[in-house]
Each structure stands twice: as structure tokens, then as C-alpha cells.
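What follows is chain A paired twice: with chain B in the first complex and chain C in the second.
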Partner chain A sequence: MTAVIDYGIGNTYSVVMATARFGEEVLLTNRLEELRAADRIILPGVGGFSQGMDNLKRLGLDRLLRETVAAGKPLLGICLGLQMLFEWSEEGESAGLGILKGQVVRFRQPGLLVPHMGWNQVTFQPQAGCYRQAVAQNAFFYFAHSYYVVPEEKEIVAGLTEYGCPFASFIRWRNVAGVQFHPEKSGSHGLAFLGTFLQQGKEG
Partner chain B sequence: MLVKRIIPCLDVHNGQVVKGVHFEKLRPAGDPVKQAAFYSNHGADELVFLDISATVEARATMTEIVKQVAGVVFIPLTVGGGISTLADIEKLLKSGADKVSVNTAAVKNPELVREAARRFGSQCVVVAIDAKQVAPGDWEVYIEAGRKPTGLSVKVWSRQVEELGAGEILLTSIDRDGTGAGYDCELTRAVAGSVAIPVIASGGAGALKHFYEVIVQGQASAVLLASMVHFRQLQVREVKEFLCQHGIPVRL
Partner chain C sequence: MKILVLDDGSRANFVQAFGVARAVPGAELEVLSISFRGPTYRLPARKGNYPVAPKLLALFCWFQWWAAGRKLLMSMLKKPADWHTGKPACVLSAGSSLAPVNLILARSLGCCSVVIMTPSLVPLSLFDLAIIPYHDWLRHRVRRDNIVVTLGAPSNIDRKTLEEEKRTFGQQIGIFRYSEIVGVLLGGNDQNYRLSPGWLKKFLAGLQSYSRERRVGFVFTTSRRTPEDVVQYLKQELARWENVLYEEYPGKGVRQSHYPGILACSELLLVTEDSINMISESVSSGRKVVIVGVERKKKRLIFDRTIEQMCQKGYAHYIPESELERLGLYLTESLRCTFQTLNEAERCAQKILQVCQSRRFC
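Moving on, here comes the complex of A and B:
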């Protein structure tokens, strides 16, 4: 079973529908016991960083997520769900979950339109592993964000996207994956990406 | 590379897609879910649904339509028309809309834009501006489906909505809407040059070169189109191929 975390923020409906397309049992929930029972967890999210963190903490989900990662259960963070995995964000100047080392900063190159809104390419790095086999190199994905992650350890960068500068749009570290784009809104490439995540935790 | 977006707009009236001229003379143009799936399969980058009936009953219908569409079409969806409260916005976002577009309500209550951006994020708040030319280089904001002048300058209002936290501006030329005479490039450029958020140009597409013009001369990040594609005069893919041949980056 795949659990999509419902923490009162963002468009969870599309994530659930896209996941259900794979014949996967999906549960939209914020109940700790249900999340503990899941085979894999998706942390979606759009919206403000500090509000997202506040909601997670209020529901006790910050601890659950650290537990999930420590237990080796597959976790996919999408958009704000990726950003919150890091230590700190410029948005609201708030602390994140600190599961991954690094910060979240705003696009501020001169002449750049912000939000970074629309379809852009992802160049897979060696770290992308099985995703590289499932999805075409430099495929287009849908982005809608004003902040991006700057990981401390470059080895966890699995995909890069160019907007003013190359930024990390796909992160992989142990059982954790995180994407700045929206696989649930990126047509067939997005679904292929999501399908690859849904295979995680099935082998063995 | 971030590409230019081609966005079909589906005006929905009582559950049916319709298309008018100068915001009037409605003609039926098909079932919204079928239309959405068709466009998505033919290369649309996003879809906009505008509920032009905008009654309470119609809004409930719209929420249902969005749910159905979001269940089968996996590209971004924007919904507009009659949205005036945070509760309206939340309901649509929960039903699968990625963005909402506010027009009249933003003018009447600018705090709605600020509060929506704060609660749901700028990336999901589109402010739609309907513009009518009043003098060379000067346009006025109209509300209530293009019927009511506001006295607001389009350039001034654009900067204000950016400051309030809008993530995008959907800019429609009332003068050009449905005419096929081409987008108002001058208007689009005036707005795109005033703000640092993406501008979607709307109103007036009638030939392939119009898309190219409004992207190059108007500096639009995206183009909206309706009547040309609803009646299958033109496919989204043809627009993209044309733009690609003329050096504009698109997602093919």
C-alpha cells in the first residue's frame, strides 16, 4: 500500500489519482498507524514552507518521517515535500526536517521570472539509477516553484534542471527520493517516473 | 530549458464548453472531460477552465468537472470564474485544480490575492486581467466578464497583483477576444515589461503567426487559445511545430 500524506496543504487529489492508475492501493492519510503500515510514502505539497512544517509538526508527522527514513522505507517528496526534507529554507526563514543536508533558496538571478512556472527538462545524473532506465533523458516535467534546494552533498543529486543556473530537481539518497517537479502533472513522463517510485520496496 | 506554453482555454457554461465573440454570442463546443483528454493527448501544456455561468450551482458543477478531469488528465489545470473566497479556492485545489484564476474578486478585494498566495502559495494564484484599450499605450481593467470598467490602469494593476503575491497574470484583450485579428502584442509587452512574473496572453489568435508574434514581440510566457482549437481549425501540435520551426522552444 502507498500512503500519500495529507497534512492540509496542496493538491493531493492528483497525486492520489496518478498513483491509483498503476493499480496501486493508495491511502490519503495523516494517521500515524496507517503511515507506519504503508509500504511506501509520498509527501506531496505546494504552498508555503513554514506553514507546511507547522502542519507536519502539529500532526506529529515530522518524527514519523524521520522514522520512515531510518527504517529504510521508500519515501518520495514532491515540490514542497522535497524542500522540507532539507535543513533550512529562506522562505519564512524556517527549519526543515533536516533529513538531508542543505538549504532551500529563492531564485534571484536578474531578469528571471519567478515563479519558475511551466515545463522544463531534467538531465539525469548517474545517481538517478533505475529512473534513468524508465524515463527519457532530458524529458520535460512540470515545475511551479520560487525556491530550490541546494544540497550540501552533490552525490545525492540525481537530476539537474537549468533555470538561470543548473539546480537540483531530483534528489536520491538511500531510500529517499525527492523531486522539485510534479510527476503527477507531467503527462506520460511524469507517470513513468511515478511508476518507477511505486516499484520501490517491492523487490525482495 | 523552460519552454513557452500553449494553453487551451475551455469556457464552461452549465457543464458544457462554449465559445463566444467579444464575451457574447455563445456557441456550444463539447463535453469538458472529453475536450480536456483530447487536448492533453495532442500536446497541450496546461488547461484553463473558465466557468462563465458563475452561479452557485454552476460552481458546484465545475468542482465535479475538475475532479473528473483531474482523474484522467495529468497536466496542470487552472480554474477560474466566480471565485471570490478562500473557501472557493480551497475546494477547487482539493478537487484537483493546480491553480485558480481570480478576476473580479481580486479587484474588489485585493486582500484575497494576498491571503490566497500566503495560504496556498503564489504558484497557484493566477490573476486574470481583462483589458480594453482607452488610449494609445493605455488600457483599462474591466471586470464582471468584461462588462464593467474599473478606472484602473492595466499596467498599475499588474504591478499591484504581483506585489500581492500573484504567481501569474492571465491577460485578455477584450478588443481582440474571438476576433482572430491576432493577440494585442503591445498590451502584452506593456504588462510583461512591468512585472517579473509570467504573463499568459489571451484573446485574438487567428493565425499561426499570431502565436509567434505575441511570444517574441509581446514577451508572453504562454499563450491561451480557445475558438481556433475548439472547432478543430487548428491542433495544438501544429502551433507548437510552427513555433519550433521559428526558433521558439516548446515541448513537442
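Moving on, here comes the complex of A and C:
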């Protein structure tokens, strides 16, 4: 069973609909016991970093997410869900979950249109592993964000996208995957990506 | 529950107020037309003349001289303000110029005052409820109990009307001949955005590449703000297309609009980013919506935040102007996605009901 975390500000409808397309049992919840029982967890995200973190803390989900990672359960962060996995964000100058080392910064390149909205290519890196086989190299995915993650350890970058500068659009570290794009809104490539994530935790 | 909806003749404002009022369960609506006498003024980069009267009335609101304000209001109207349904529970209006009128009427009648959009002349604290679009709210970022922030503008689009329009208008234009209908809603120039024949050329080339391998039928509408050279170029180009089912060019001499029909018949709506109202109506229609970037006079705009929110929340996709050559590819991918339908009118209506009930006006 896949649990999609409902913490009040996520784009949960599209994520649940896209996940359900695979015939997967999907549960939209913020109840700790249900999340603990899930085989894999998706942390979607829309809106402000500090509000997202406040909501996670209020519901006790910050500790649960750290437990999830420590237990080796597959976790996918989408957009703000990816950003909150990091230590700190410029947006609201707030601390994140600190599961991944690094920061979240705003696009500042002169003349660049911010937010970065629309379709853009993701160049998969060797770290992408099975995702690289499932999704075409340089496939187009859908983006809508003003901030991007800057990981401290470059080896966790599994996908790069160019927007004013190359930025990490796909992060993979142990059982944690995080994407700056929205696979649930990225048509066929997005579905292929989600399908690959849903296979995590099934192997072996 | 009776609601008095004020109409100052601005369609964009009225549809928002009427849409919200109509969504209030069990509401009995009466529309009151307000037009002012006296001097007017003009604003740079805006069309039309604005009456001075609301500014005077706003002064009376500041000092809370309700009875005197009402006398002044009545003397400033072109036609007497008569309503026939007895005392309303609420006066509802959209737009800055109607805000003082709304407040004066509501206070002198002893009912709720609900305003849509930030009233520039009157303090927000005086209203029982202020419904403020997110992009408007970002300018002031005021947090108060009497403020509801909406994503985009509340719209007058409802499912029943759309179904009816699809049946009647759809049959009239022959949508059944095509496997897919794409609606194109073109806005126009303002202080932030610009539409040019050059932009339109790129956009139409993208649409043609999208329709090459599909049985796509197109329905087009421009807006009153669409520049004349763009309209002429569009007419000239579309005359060569075989799959255009309907074209609408609002403006002088156009009696009937099939705008709801265009929304109703389309599976996919392409709407230019310059009009938050058209975008809001599109994302409220239950169709797949792609917001298309146009030329900009400024790099960063407050509306970008609203569009970003709409895209993140799954109501729409966005294609920047710089990416128009890939329009065909992107539209194919967008069609495969699930979109959400926005219903801000209903959320606002529930809030109005709560406020009126808490004040015991209904």
C-alpha cells in the first residue's frame, strides 16, 4: 500500500489519481499508524516552505518521516516535499527536516523568469539507477517552483535540469527519492517515473 | 436569504459578484444597477473613464456617516436605486468603485456588507466580509478574520450551464465531427502584457503542429483587449484552417457571446496568461487548462504567484512564451494528465452564509 501524506497544503488529488492508475492501493492520510503500515510514502507539496514544515511538525509527521527513512522504507518527496527533506530554506528562512544535507535557494539569475513554470528536460545521472532505464534520457517533465535544492553531497544528484543554471531536479539517496518536477502532472514520462517508484519496496 | 448584487456595468466585476451570490444555497438574488452622475477621470494605461463619486462616498465611509452618505449616494445616481425584494441579508459587490456604495447601503439597511477585491478607498475592517483574490492580497498581505483569500477570481461558471451549452452550442457548431475540441481564449494588452502578431504567429504554428496528427477542432475567442492588428492577423490565418468550428471577436457590433459554449465544448482550453478572469473561468469549468505565456512588459509580475499556485495545485499547466515552438509536444503530454477543478465561488458562498447567520441577518 502507498500512503500519500495529507498535511493540508499538498497537491494530493493529482498524486493520488496518478498513483491509483497503476492499480496500486493508495491511502491519503496523516494518521501516524496508517503511515507506519504503508509500504512506501509519498510526500507531495505545494506552497510555502515554513507553512509546510509547521504543518508537518504539528501533525508529528517530521519524526515519522525521519523514522521512515531510518527504517529503509521508500519515500518520494515531490516539489516542496523534496525541498523539506533538506536542512534549510531561503524561503521564510526556515529549517527543514534535515534528512538530506544542503539548502534550498531561490533562482536569482538576472533576466530569468521566476517562478520556473512549464515543461523542462531532466538529464538523468548514473545515480538515477532503475529510473534511468524506465524513463527516456532528457525526457520532459512539468515544473512549477521558485526555489531549488542545492545538496551538499553531489553524488546524490540523480537528475539535472537547466534553468538559468543546472540545478538538481531529482535526488536519490538510499531509500529516499525526491523530485523538483511533478511526475503526477508530467504525462507519460511522469507516469513511468511514478511507476518505477511504486516498484520500490516490492523487489526482494 | 435575499442578496442584493450591485452592478456598475463592468462585466468582469459583475460575473464575480453574481457567481458568488448564485452559489449561496437558497439565495434569492436581486441585481441593482449603479451608475453615477458627475465628473469622471482617466487612468494611464487603462481604458474608460472612472466616476469621481465613489471617492466622495468613501470619505463618508471613513467617518462612518451612513445616513448622510446614503443621501449623497442617492443624489449621485443616474437612476434611483430601487429594489423590490424587501430588506436583504447581504449586499454584495465586486470592484473598488462599488465598495463605498456597498458599505453605505448595507449599513443604512442594517445588513451584511460583502465586497470582492480589495477596496482601495475604504478600510477593509468596515466590511463584514472581504473576498480577495490571492494576487490582490499579495499587495497588502493583510490577515484579518473578515478576509477570505481566493485563488484567482470567483467565477460564474456552473456545471449545469456548461452541460446545457455543450448540448445546444456543440450541436450548432458540429463538435461531433472531431475527436477532440480545443478552445483558445486570447486576452490582450495591458500594463503588464502584450499580444503581437509575432507572438500569434508562433502560437498558431504550435497549434498546427499539435493538430497535424489528430482530428482536432478549434474554437477561438478574442477579448475586448485584443489589439486590432492581432485580431486581423488571426482572422486572416484562420480563414485558411479547415478545422475551426467557431470564432468570436467581442467588441462593437457583436450581439451574442458564446463564451460559456466555448468553455463547455472544449476538452482542452488554452488561455493566455494576461487575464486572471479568463484563467479563473477556465479552471472552474472542469476542462484541462493550459495557460499560455505572452510577451511581457515586466519580467516579474504578481500574477505569476497565482499562476504558480494554480499549476502546483493541479488546476492548470503553464507554457512560457519562450517555449511556444514546443507547444504541440507539451499539449500532447498535458492531455494525459489529470486536472483539478477550482470552485472558489462555492467556498466564498459558504463563508457568506456563515457570516450572515452569525450576524443573524438570515
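Just so it is clear, the second predicted complex is superposed on the first by the 204 of 204 C-alpha atoms of A that agree within 3 Å, B and C clash if a C-alpha of one lies under 4 Å from a C-alpha of the other, contacts with A are read in each partner's own complex, and residues count from 1 in each chain.
Here is the rule we go by: a residue touches a chain if its C-beta (ideal position, glycine included) is under 8 Å from a C-beta of that chain, and two chains touch if they have at least 3 such contacts.
Just so you know, these numbers come straight off a predicted model, no measurement behind them.
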{"item": "Side-by-side fit of chain B and chain C on chain A, or clash", "value": "clash"}
{"item": "Which partner, chain B or chain C, touches more chain A residues", "value": "B"}
{"item": "Touching partner for A:Ala18 - first (chain B), second (chain C), both, neither", "value": "both"}
{"item": "Chain B versus chain C as contact partner of A:Phe140, first or second or both or neither", "value": "both"}
{"item": "Partner chain in contact with A:Glu162 - chain B first, chain C second, else both or neither", "value": "first"}
{"item": "Partner chain in contact with A:Gln121 - chain B first, chain C second, else both or neither", "value": "first"}
{"item": "First (chain B), second (chain C), both or neither touched by A:Gln51", "value": "first"}
{"item": "Region of chain C that runs into chain B when the structures are aligned on their shared chain, from 62-70, 80-88, 98-106 or 188-196", "value": "188-196"}
{"item": "Where chain A meets both chain C and chain B, residue numbers", "value": "11, 13-14, 17-18, 46-47, 113-115, 117-119, 140, 142, 144-146, 182, 184-187, 190-191"}
{"item": "Chain A-touching residues of chain C, taken from the complex the two chains share", "value": "293, 299-300, 304-305, 307-309, 311-314, 317-320, 322-323, 326, 329-330, 332-340"}
{"item": "Complex contacts: residues of chain A adjacent to chain B", "value": "10-14, 17-18, 46-48, 51, 80, 112-121, 140, 142-146, 162-163, 182, 184-187, 190-191"}
{"item": "Residues on chain A engaged by chain C in the complex (per definition of touch)", "value": "11, 13-14, 17-18, 46-47, 79, 111, 113-115, 117-119, 140, 142, 144-146, 182, 184-191"}
{"item": "Sites on chain B touched by chain A in the complex", "value": "1-3, 5, 40, 45, 67, 70-71, 74-76, 93-99, 118-124, 167-168, 196-198, 221-222, 251"}
